[in-house]
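Next, two complexes with chain A in common: one pairs it with chain B, the other with chain C.
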Partner chain A sequence: MLFYSFFKTLTGKEVTVELKNDLAITGILHSVDQYLNIKLNEIKVVDEAKHPHLLAVKNCFIRGSVVRYIQLPQDAVDTDLLHDATRREARNAA
Partner chain B sequence: MKRTASERDGGGRRETGLSAYVGSAISIITNDGRHILGTLKGFDQVQNLVIEGSRERVYSPDEGVETLELGLYLMRGDCIAVVGELDEEADAEIDLPSLKAHPIGDVLH
Partner chain C sequence: MDGQGQGQGQGQGQDRLANRHQARTPLHAKALIEELDHKQLVVLRDGRKIVGLFRSCDQFANLVFQNPYERIIVGKQYCDLPLGSIYLVRGENVVMMGRVDEGREIPSTLQLVSPAEIRKAQQAEKEEQLIRGTMLKRLDFLDLE
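Right, the complex of A and B next:
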(Lines of atoms letter the chains of each structure in order from A and count residues from 1; the text may use other names and numbers.)
(Lines give C-alpha, C1' and ligand atoms only; values in the text may rest on other atoms or scores of the structure.)
Protein backbone atom coordinates (compact mmCIF):
# COMPACT_ATOMS: atom_id res chain seq x y z
CA MET A 1 0.00 0.00 0.00
CA LEU A 2 2.98 2.31 0.50
CA PHE A 3 3.65 2.83 -3.18
CA TYR A 4 -0.04 3.28 -3.88
CA SER A 5 -0.07 6.14 -1.36
CA PHE A 6 3.18 7.43 -2.80
CA PHE A 7 1.83 7.56 -6.35
CA LYS A 8 -1.32 9.26 -5.12
CA THR A 9 0.85 12.15 -3.94
CA LEU A 10 2.19 12.49 -7.50
CA THR A 11 -1.18 13.04 -9.21
CA GLY A 12 -1.14 16.16 -11.36
CA LYS A 13 2.60 15.77 -12.03
CA GLU A 14 4.15 14.84 -15.35
CA VAL A 15 5.54 11.31 -15.45
CA THR A 16 6.90 8.98 -18.11
CA VAL A 17 5.65 5.40 -17.97
CA GLU A 18 7.81 2.81 -19.69
CA LEU A 19 5.92 -0.36 -20.56
CA LYS A 20 7.09 -3.94 -20.92
CA ASN A 21 6.56 -3.66 -24.68
CA ASP A 22 9.19 -0.85 -24.80
CA LEU A 23 6.56 1.79 -25.39
CA ALA A 24 7.16 4.91 -23.28
CA ILE A 25 4.30 7.33 -22.64
CA THR A 26 4.63 10.77 -21.03
CA GLY A 27 1.59 12.41 -19.50
CA ILE A 28 0.02 14.08 -16.50
CA LEU A 29 -0.71 11.50 -13.81
CA HIS A 30 -4.47 11.56 -13.31
CA SER A 31 -4.91 8.68 -10.88
CA VAL A 32 -3.64 5.32 -9.67
CA ASP A 33 -5.36 2.42 -7.97
CA GLN A 34 -4.29 -0.39 -5.63
CA TYR A 35 -2.98 -2.50 -8.55
CA LEU A 36 -0.92 0.49 -9.72
CA ASN A 37 -3.08 0.76 -12.81
CA ILE A 38 -2.44 4.26 -14.07
CA LYS A 39 -4.47 6.89 -15.85
CA LEU A 40 -2.63 9.61 -17.75
CA ASN A 41 -3.94 12.80 -19.35
CA GLU A 42 -2.41 14.81 -22.20
CA ILE A 43 -0.28 11.87 -23.27
CA LYS A 44 2.58 11.87 -25.75
CA VAL A 45 4.39 8.73 -26.87
CA VAL A 46 8.14 9.26 -26.41
CA ASP A 47 9.20 8.09 -29.88
CA GLU A 48 6.12 9.12 -31.84
CA ALA A 49 7.71 8.51 -35.26
CA LYS A 50 8.41 4.91 -34.30
CA HIS A 51 5.09 4.34 -32.51
CA PRO A 52 2.35 6.38 -34.22
CA HIS A 53 -0.35 4.08 -32.81
CA LEU A 54 -1.59 6.48 -30.13
CA LEU A 55 -1.51 9.71 -32.18
CA ALA A 56 -5.25 10.30 -31.75
CA VAL A 57 -5.29 9.40 -28.04
CA LYS A 58 -5.22 12.21 -25.47
CA ASN A 59 -5.74 10.25 -22.26
CA CYS A 60 -5.33 6.61 -21.44
CA PHE A 61 -5.52 3.82 -18.90
CA ILE A 62 -2.40 1.68 -18.45
CA ARG A 63 -2.70 -1.71 -16.83
CA GLY A 64 -0.37 -1.96 -13.82
CA SER A 65 0.84 -5.40 -14.89
CA VAL A 66 2.53 -4.04 -18.05
CA VAL A 67 4.44 -1.20 -16.39
CA ARG A 68 8.22 -1.62 -16.24
CA TYR A 69 9.37 1.80 -14.98
CA ILE A 70 7.81 5.10 -14.03
CA GLN A 71 10.08 8.10 -14.41
CA LEU A 72 9.25 10.69 -11.76
CA PRO A 73 9.92 14.40 -11.46
CA GLN A 74 12.86 14.69 -9.05
CA ASP A 75 11.49 17.72 -7.22
CA ALA A 76 8.15 16.02 -6.48
CA VAL A 77 9.76 13.21 -4.47
CA ASP A 78 11.02 13.50 -0.92
CA THR A 79 13.49 10.60 -1.08
CA ASP A 80 14.39 10.80 2.63
CA LEU A 81 10.75 10.53 3.62
CA LEU A 82 10.24 7.63 1.21
CA HIS A 83 13.40 5.96 2.50
CA ASP A 84 12.12 6.13 6.08
CA ALA A 85 8.65 4.94 5.08
CA THR A 86 9.97 1.89 3.21
CA ARG A 87 12.19 0.94 6.18
CA ARG A 88 9.30 1.34 8.58
CA GLU A 89 7.11 -0.87 6.39
CA ALA A 90 9.87 -3.51 6.08
CA ARG A 91 10.31 -3.52 9.86
CA ASN A 92 6.57 -3.92 10.43
CA ALA A 93 6.40 -6.80 7.96
CA ALA A 94 9.24 -8.71 9.65
CA MET B 1 -21.43 18.55 -27.69
CA LYS B 2 -20.07 15.25 -26.40
CA ARG B 3 -17.89 15.61 -23.34
CA THR B 4 -14.59 13.80 -23.16
CA ALA B 5 -13.85 11.34 -20.38
CA SER B 6 -11.38 13.72 -18.72
CA GLU B 7 -14.09 16.37 -18.44
CA ARG B 8 -16.68 13.87 -17.21
CA ASP B 9 -14.59 12.71 -14.26
CA GLY B 10 -12.92 16.05 -13.71
CA GLY B 11 -14.97 16.78 -10.61
CA GLY B 12 -15.18 14.64 -7.50
CA ARG B 13 -12.98 11.67 -6.73
CA ARG B 14 -10.27 10.69 -9.21
CA GLU B 15 -11.38 7.37 -10.66
CA THR B 16 -8.83 4.99 -12.14
CA GLY B 17 -11.43 2.62 -13.59
CA LEU B 18 -12.68 2.53 -17.13
CA SER B 19 -16.20 3.84 -16.36
CA ALA B 20 -15.38 7.22 -17.89
CA TYR B 21 -14.68 5.51 -21.23
CA VAL B 22 -17.92 3.50 -21.49
CA GLY B 23 -19.76 4.45 -24.66
CA SER B 24 -16.70 6.21 -26.09
CA ALA B 25 -14.44 5.23 -28.94
CA ILE B 26 -11.33 3.59 -27.52
CA SER B 27 -7.98 2.40 -28.79
CA ILE B 28 -6.49 -0.72 -27.21
CA ILE B 29 -2.97 -2.09 -27.32
CA THR B 30 -2.80 -5.76 -26.40
CA ASN B 31 0.05 -7.68 -24.83
CA ASP B 32 0.83 -9.30 -28.19
CA GLY B 33 1.18 -5.88 -29.79
CA ARG B 34 -2.12 -5.69 -31.63
CA HIS B 35 -3.93 -2.39 -32.00
CA ILE B 36 -7.70 -2.67 -31.73
CA LEU B 37 -10.24 0.13 -31.91
CA GLY B 38 -13.95 0.15 -31.15
CA THR B 39 -16.63 1.35 -28.74
CA LEU B 40 -16.35 0.30 -25.11
CA LYS B 41 -19.60 -1.33 -24.03
CA GLY B 42 -18.61 -2.80 -20.70
CA PHE B 43 -15.77 -3.80 -18.41
CA ASP B 44 -15.08 -5.40 -15.04
CA GLN B 45 -12.55 -5.14 -12.22
CA VAL B 46 -9.83 -7.09 -14.08
CA GLN B 47 -10.33 -5.03 -17.26
CA ASN B 48 -12.14 -7.72 -19.25
CA LEU B 49 -13.69 -5.55 -21.98
CA VAL B 50 -16.65 -5.76 -24.32
CA ILE B 51 -15.86 -3.87 -27.51
CA GLU B 52 -18.50 -3.17 -30.12
CA GLY B 53 -17.68 -2.57 -33.79
CA SER B 54 -14.07 -3.47 -33.21
CA ARG B 55 -11.44 -3.30 -35.91
CA GLU B 56 -7.75 -4.09 -35.90
CA ARG B 57 -5.10 -1.91 -37.46
CA VAL B 58 -2.20 -3.90 -38.84
CA TYR B 59 1.02 -1.91 -39.12
CA SER B 60 3.92 -2.76 -41.37
CA PRO B 61 7.15 -0.95 -42.24
CA ASP B 62 6.77 -1.12 -46.02
CA GLU B 63 3.02 -0.90 -46.61
CA GLY B 64 0.33 1.41 -45.26
CA VAL B 65 -1.93 0.44 -42.36
CA GLU B 66 -4.43 -2.31 -43.10
CA THR B 67 -7.75 -2.32 -41.23
CA LEU B 68 -9.55 -5.58 -40.42
CA GLU B 69 -13.18 -5.50 -39.31
CA LEU B 70 -13.67 -7.76 -36.28
CA GLY B 71 -17.13 -6.90 -34.91
CA LEU B 72 -18.15 -7.55 -31.30
CA TYR B 73 -15.24 -8.67 -29.15
CA LEU B 74 -14.79 -9.71 -25.56
CA MET B 75 -11.18 -9.22 -24.53
CA ARG B 76 -9.63 -10.81 -21.50
CA GLY B 77 -8.15 -8.29 -19.07
CA ASP B 78 -4.79 -9.96 -18.65
CA CYS B 79 -3.93 -9.54 -22.34
CA ILE B 80 -4.60 -5.80 -22.33
CA ALA B 81 -1.77 -3.27 -21.99
CA VAL B 82 -3.20 0.18 -22.75
CA VAL B 83 -6.73 1.51 -23.20
CA GLY B 84 -6.82 5.00 -24.67
CA GLU B 85 -9.75 7.30 -25.30
CA LEU B 86 -9.81 7.91 -29.05
CA ASP B 87 -10.29 11.44 -30.35
CA GLU B 88 -12.27 10.51 -33.45
CA GLU B 89 -11.71 13.87 -35.17
CA ALA B 90 -7.94 13.63 -34.75
CA ASP B 91 -8.08 10.00 -35.81
CA ALA B 92 -9.94 10.83 -39.04
CA GLU B 93 -7.08 13.16 -39.99
CA ILE B 94 -4.48 10.38 -39.90
CA ASP B 95 -3.57 9.26 -43.41
CA LEU B 96 -3.63 5.52 -42.75
CA PRO B 97 -2.79 4.24 -46.28
CA SER B 98 0.54 6.10 -46.17
CA LEU B 99 1.32 5.51 -42.48
CA LYS B 100 4.19 3.05 -42.19
CA ALA B 101 5.41 1.80 -38.85
CA HIS B 102 6.72 -1.32 -37.18
CA PRO B 103 4.10 -3.14 -35.13
CA ILE B 104 4.32 -2.65 -31.35
CA GLY B 105 6.32 -5.42 -29.70
CA ASP B 106 5.01 -8.09 -27.36
CA VAL B 107 4.83 -7.47 -23.62
CA LEU B 108 7.70 -9.46 -22.07
CA HIS B 109 7.21 -9.99 -18.34
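Right, the complex of A and C next:
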Protein backbone atom coordinates (compact mmCIF):
# COMPACT_ATOMS: atom_id res chain seq x y z
CA MET A 1 0.00 0.00 0.00
CA LEU A 2 3.08 2.23 -0.07
CA PHE A 3 2.37 3.80 -3.42
CA TYR A 4 -1.28 4.21 -2.62
CA SER A 5 -0.29 6.30 0.39
CA PHE A 6 2.37 8.03 -1.64
CA PHE A 7 -0.04 9.08 -4.36
CA LYS A 8 -2.53 10.22 -1.75
CA THR A 9 0.03 12.77 -0.58
CA LEU A 10 0.22 14.07 -4.16
CA THR A 11 -3.46 14.93 -4.55
CA GLY A 12 -3.95 18.49 -5.71
CA LYS A 13 -0.63 18.47 -7.59
CA GLU A 14 -0.27 18.56 -11.34
CA VAL A 15 0.87 15.26 -12.82
CA THR A 16 1.22 13.81 -16.29
CA VAL A 17 -0.02 10.27 -16.79
CA GLU A 18 1.32 8.33 -19.75
CA LEU A 19 -0.85 5.42 -20.78
CA LYS A 20 0.02 2.16 -22.49
CA ASN A 21 -1.80 3.33 -25.61
CA ASP A 22 0.67 6.25 -25.85
CA LEU A 23 -1.91 8.77 -24.73
CA ALA A 24 -0.47 11.28 -22.26
CA ILE A 25 -2.74 13.36 -20.05
CA THR A 26 -1.77 16.22 -17.76
CA GLY A 27 -4.09 17.20 -14.96
CA ILE A 28 -4.58 17.93 -11.28
CA LEU A 29 -4.53 14.70 -9.29
CA HIS A 30 -7.96 14.46 -7.67
CA SER A 31 -7.88 11.03 -6.13
CA VAL A 32 -6.30 7.62 -6.26
CA ASP A 33 -7.46 4.23 -4.99
CA GLN A 34 -5.95 0.91 -3.99
CA TYR A 35 -5.64 -0.26 -7.61
CA LEU A 36 -3.88 3.02 -8.42
CA ASN A 37 -6.85 4.02 -10.54
CA ILE A 38 -6.44 7.75 -10.96
CA LYS A 39 -8.83 10.64 -11.21
CA LEU A 40 -7.63 13.87 -12.78
CA ASN A 41 -9.27 17.28 -12.97
CA GLU A 42 -8.69 20.07 -15.49
CA ILE A 43 -7.12 17.63 -17.89
CA LYS A 44 -5.14 18.52 -20.98
CA VAL A 45 -4.15 15.91 -23.51
CA VAL A 46 -0.51 16.34 -24.44
CA ASP A 47 -1.06 15.71 -28.15
CA GLU A 48 -4.46 17.38 -28.45
CA ALA A 49 -4.64 17.41 -32.24
CA LYS A 50 -4.42 13.63 -32.30
CA HIS A 51 -7.27 13.17 -29.84
CA PRO A 52 -10.15 15.46 -30.79
CA HIS A 53 -12.57 13.26 -28.82
CA LEU A 54 -11.12 14.45 -25.57
CA LEU A 55 -11.58 18.17 -26.15
CA ALA A 56 -14.99 17.97 -24.49
CA VAL A 57 -13.66 16.17 -21.42
CA LYS A 58 -12.51 18.14 -18.39
CA ASN A 59 -11.99 15.43 -15.78
CA CYS A 60 -11.29 11.76 -16.13
CA PHE A 61 -10.96 8.43 -14.43
CA ILE A 62 -8.00 6.34 -15.57
CA ARG A 63 -7.90 2.62 -14.88
CA GLY A 64 -4.72 1.77 -12.99
CA SER A 65 -3.91 -1.19 -15.23
CA VAL A 66 -3.43 0.98 -18.34
CA VAL A 67 -0.93 3.39 -16.80
CA ARG A 68 2.67 3.18 -18.02
CA TYR A 69 4.33 6.16 -16.35
CA ILE A 70 3.34 9.01 -14.08
CA GLN A 71 5.41 12.17 -14.18
CA LEU A 72 5.47 13.92 -10.83
CA PRO A 73 6.48 17.43 -9.82
CA GLN A 74 9.95 17.31 -8.27
CA ASP A 75 9.14 19.62 -5.36
CA ALA A 76 6.13 17.56 -4.28
CA VAL A 77 8.19 14.45 -3.62
CA ASP A 78 10.31 14.04 -0.51
CA THR A 79 12.64 11.28 -1.68
CA ASP A 80 14.20 10.75 1.76
CA LEU A 81 10.80 10.24 3.28
CA LEU A 82 9.89 7.86 0.47
CA HIS A 83 13.14 6.00 1.01
CA ASP A 84 12.41 5.57 4.71
CA ALA A 85 8.86 4.51 4.02
CA THR A 86 10.11 1.88 1.58
CA ARG A 87 12.41 0.34 4.20
CA ARG A 88 9.69 0.47 6.80
CA GLU A 89 7.25 -1.26 4.45
CA ALA A 90 9.82 -3.94 3.61
CA ARG A 91 10.49 -4.53 7.28
CA ASN A 92 6.82 -4.79 8.12
CA ALA A 93 6.25 -7.25 5.29
CA ALA A 94 9.04 -9.55 6.44
CA MET B 1 -27.92 -11.02 -1.37
CA ASP B 2 -29.65 -11.31 1.98
CA GLY B 3 -33.18 -11.64 0.69
CA GLN B 4 -34.27 -8.30 2.05
CA GLY B 5 -36.82 -6.53 -0.01
CA GLN B 6 -38.54 -9.67 -1.23
CA GLY B 7 -42.18 -9.12 -1.94
CA GLN B 8 -41.63 -5.39 -2.35
CA GLY B 9 -42.83 -3.43 -5.32
CA GLN B 10 -40.17 -3.24 -7.94
CA GLY B 11 -39.60 0.49 -7.56
CA GLN B 12 -39.02 0.14 -3.84
CA GLY B 13 -36.83 -2.87 -4.38
CA GLN B 14 -34.63 -0.93 -6.69
CA ASP B 15 -34.38 1.97 -4.26
CA ARG B 16 -33.31 -0.43 -1.59
CA LEU B 17 -30.75 -1.93 -3.92
CA ALA B 18 -29.39 1.52 -4.70
CA ASN B 19 -29.19 2.42 -1.00
CA ARG B 20 -27.44 -0.80 -0.20
CA HIS B 21 -25.08 -0.18 -3.06
CA GLN B 22 -24.15 3.19 -1.61
CA ALA B 23 -23.87 1.98 1.95
CA ARG B 24 -21.67 -0.99 1.13
CA THR B 25 -19.56 0.45 -1.60
CA PRO B 26 -16.08 0.63 -0.15
CA LEU B 27 -14.21 3.86 -0.50
CA HIS B 28 -12.11 2.68 -3.43
CA ALA B 29 -15.10 2.69 -5.78
CA LYS B 30 -16.05 6.24 -4.84
CA ALA B 31 -14.20 7.73 -7.78
CA LEU B 32 -16.61 6.01 -10.15
CA ILE B 33 -19.74 6.41 -8.03
CA GLU B 34 -19.38 10.18 -8.23
CA GLU B 35 -19.72 9.96 -12.00
CA LEU B 36 -22.99 7.98 -12.02
CA ASP B 37 -25.87 9.45 -14.05
CA HIS B 38 -23.60 11.78 -16.00
CA LYS B 39 -22.82 11.55 -19.66
CA GLN B 40 -19.40 9.99 -20.07
CA LEU B 41 -16.90 9.33 -22.81
CA VAL B 42 -15.03 6.05 -22.48
CA VAL B 43 -11.86 5.18 -24.32
CA LEU B 44 -11.42 1.44 -24.82
CA ARG B 45 -8.21 -0.48 -25.28
CA ASP B 46 -8.94 -1.05 -28.97
CA GLY B 47 -9.08 2.72 -29.46
CA ARG B 48 -12.85 3.04 -29.73
CA LYS B 49 -14.59 5.93 -28.01
CA ILE B 50 -18.02 5.39 -26.56
CA VAL B 51 -20.33 8.10 -25.23
CA GLY B 52 -23.30 7.27 -23.05
CA LEU B 53 -25.21 7.89 -19.84
CA PHE B 54 -23.24 6.16 -17.09
CA ARG B 55 -25.57 3.97 -15.02
CA SER B 56 -23.61 1.45 -13.01
CA CYS B 57 -20.15 0.18 -12.14
CA ASP B 58 -18.21 -2.07 -9.79
CA GLN B 59 -14.70 -2.40 -8.36
CA PHE B 60 -13.33 -3.86 -11.61
CA ALA B 61 -14.49 -0.78 -13.51
CA ASN B 62 -17.07 -2.83 -15.35
CA LEU B 63 -19.32 -0.05 -16.64
CA VAL B 64 -22.95 0.08 -17.74
CA PHE B 65 -24.21 2.72 -20.16
CA GLN B 66 -27.65 3.70 -21.32
CA ASN B 67 -28.23 4.68 -24.96
CA PRO B 68 -24.56 4.68 -25.84
CA TYR B 69 -23.08 5.52 -29.19
CA GLU B 70 -19.66 5.06 -30.68
CA ARG B 71 -18.11 8.36 -31.68
CA ILE B 72 -15.84 8.19 -34.70
CA ILE B 73 -13.76 11.19 -35.70
CA VAL B 74 -11.68 11.04 -38.87
CA GLY B 75 -9.95 14.24 -39.87
CA LYS B 76 -12.62 16.93 -39.90
CA GLN B 77 -15.57 14.53 -40.05
CA TYR B 78 -17.40 12.81 -37.25
CA CYS B 79 -20.28 10.39 -36.80
CA ASP B 80 -22.16 8.92 -33.82
CA LEU B 81 -23.20 5.28 -34.28
CA PRO B 82 -25.87 4.08 -31.83
CA LEU B 83 -24.97 0.88 -29.96
CA GLY B 84 -28.39 -0.15 -28.61
CA SER B 85 -30.05 0.73 -25.34
CA ILE B 86 -27.94 -0.86 -22.58
CA TYR B 87 -24.27 -1.60 -22.96
CA LEU B 88 -21.91 -3.21 -20.49
CA VAL B 89 -18.21 -2.63 -20.92
CA ARG B 90 -15.99 -5.20 -19.26
CA GLY B 91 -13.53 -3.42 -16.99
CA GLU B 92 -10.35 -4.84 -18.50
CA ASN B 93 -11.11 -3.03 -21.78
CA VAL B 94 -11.43 0.39 -20.19
CA VAL B 95 -8.59 2.84 -20.64
CA MET B 96 -10.22 5.97 -19.29
CA MET B 97 -13.55 7.60 -18.72
CA GLY B 98 -14.25 11.32 -18.65
CA ARG B 99 -17.34 13.38 -18.03
CA VAL B 100 -18.57 15.01 -21.21
CA ASP B 101 -19.22 18.70 -20.96
CA GLU B 102 -22.78 19.05 -22.26
CA GLY B 103 -23.11 21.85 -24.74
CA ARG B 104 -19.53 21.89 -25.97
CA GLU B 105 -19.46 18.23 -26.78
CA ILE B 106 -18.32 18.46 -30.39
CA PRO B 107 -15.81 21.01 -31.65
CA SER B 108 -17.69 23.25 -34.09
CA THR B 109 -15.03 22.71 -36.73
CA LEU B 110 -16.15 19.12 -37.19
CA GLN B 111 -18.74 18.16 -39.75
CA LEU B 112 -21.37 15.49 -39.19
CA VAL B 113 -21.42 12.81 -41.89
CA SER B 114 -23.34 9.57 -42.46
CA PRO B 115 -22.18 6.21 -41.06
CA ALA B 116 -21.31 5.04 -44.56
CA GLU B 117 -19.10 8.06 -45.17
CA ILE B 118 -17.30 7.79 -41.86
CA ARG B 119 -16.62 4.09 -42.48
CA LYS B 120 -15.11 4.99 -45.83
CA ALA B 121 -12.96 7.71 -44.28
CA GLN B 122 -11.88 5.31 -41.54
CA GLN B 123 -10.89 2.69 -44.11
CA ALA B 124 -8.93 5.24 -46.10
CA GLU B 125 -7.10 6.39 -42.99
CA LYS B 126 -6.25 2.80 -42.08
CA GLU B 127 -4.84 2.10 -45.53
CA GLU B 128 -2.79 5.28 -45.45
CA GLN B 129 -1.29 4.29 -42.11
CA LEU B 130 -0.55 0.82 -43.43
CA ILE B 131 1.27 2.24 -46.43
CA ARG B 132 3.21 4.64 -44.25
CA GLY B 133 4.15 1.72 -41.99
CA THR B 134 5.46 -0.46 -44.80
CA MET B 135 7.35 2.48 -46.34
CA LEU B 136 9.13 3.08 -43.05
CA LYS B 137 9.94 -0.60 -42.77
CA ARG B 138 11.45 -0.65 -46.24
CA LEU B 139 13.57 2.38 -45.39
CA ASP B 140 14.75 0.72 -42.21
CA PHE B 141 17.96 -0.55 -43.77
CA LEU B 142 19.01 3.05 -44.40
CA ASP B 143 19.44 3.37 -40.65
CA LEU B 144 17.90 6.82 -40.56
CA GLU B 145 18.60 8.78 -37.46
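Keep this in mind: the second predicted complex is superposed on the first by the 94 of 94 C-alpha atoms of A that agree within 3 Å, B and C clash if a C-alpha of one lies under 4 Å from a C-alpha of the other, contacts with A are read in each partner's own complex, and residues count from 1 in each chain.
Rule of thumb we're sticking to: a contact is a pair of C-beta atoms (placed from the backbone, for glycine too) under 8 Å apart; a residue touches a chain by one contact, two chains touch by 3 or more.
Fair warning: this is a prediction, and the values are worked out from it, not measured in the lab.
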Inset, instruction - Once the two structures are overlaid on chain A, check if chain B and chain C clash or fit side by side. - result: clash
Inset, instruction - Mind working out whether A:33 is in touch with chain B, chain C, both or neither, as first, second, both or neither? - result: both
Inset, instruction - Could you say whether A:50 touches chain B, chain C, both of them, or neither, answering first, second, both or neither? - result: first
Inset, instruction - For A:13, select first, second, both or neither according to whether it touches chain B, chain C, the two together, or no partner. - result: neither
Inset, instruction - Using the superposition on chain A described above, determine whether A:22 touches chain B (first), chain C (second), both, or neither. - result: first
Inset, instruction - Give one of first, second, both or neither to describe whether A:41 is in contact with chain B, with chain C, with both, or with none. - result: first
Inset, instruction - Examine A:62 and indicate which partner it touches, taking first as chain B and second as chain C; both and neither are also allowed. - result: both
Legend entry - Intersection of the chain A residues that touch chain B with those that touch chain C: 19, 21, 23, 25, 30-31, 33, 37, 39, 43, 52-63, 65-66
Inset, instruction - Quick one: which bits of chain C touch chain A in the complex? Just the residue numbers, please. - result: 27-32, 35, 41, 43, 45, 47, 49, 61, 71, 73, 78, 91-92, 94-101, 104-107, 110
Legend entry - Residues of chain A defined as touching chain B within the complex: 11, 19-23, 25, 30-33, 37-39, 41, 43, 50-63, 65-66
Legend entry - Contact set on chain B toward chain A in their complex: 4-6, 14-18, 21, 27, 29, 31, 33, 35, 47, 57, 59, 77-78, 80-88, 90-91, 93-94, 99, 101-102, 104-109
Inset, instruction - Please name which positions on chain A make contact with chain C in the complex. - result: 19, 21, 23, 25, 30-31, 33-35, 37, 39, 43, 52-63, 65-66
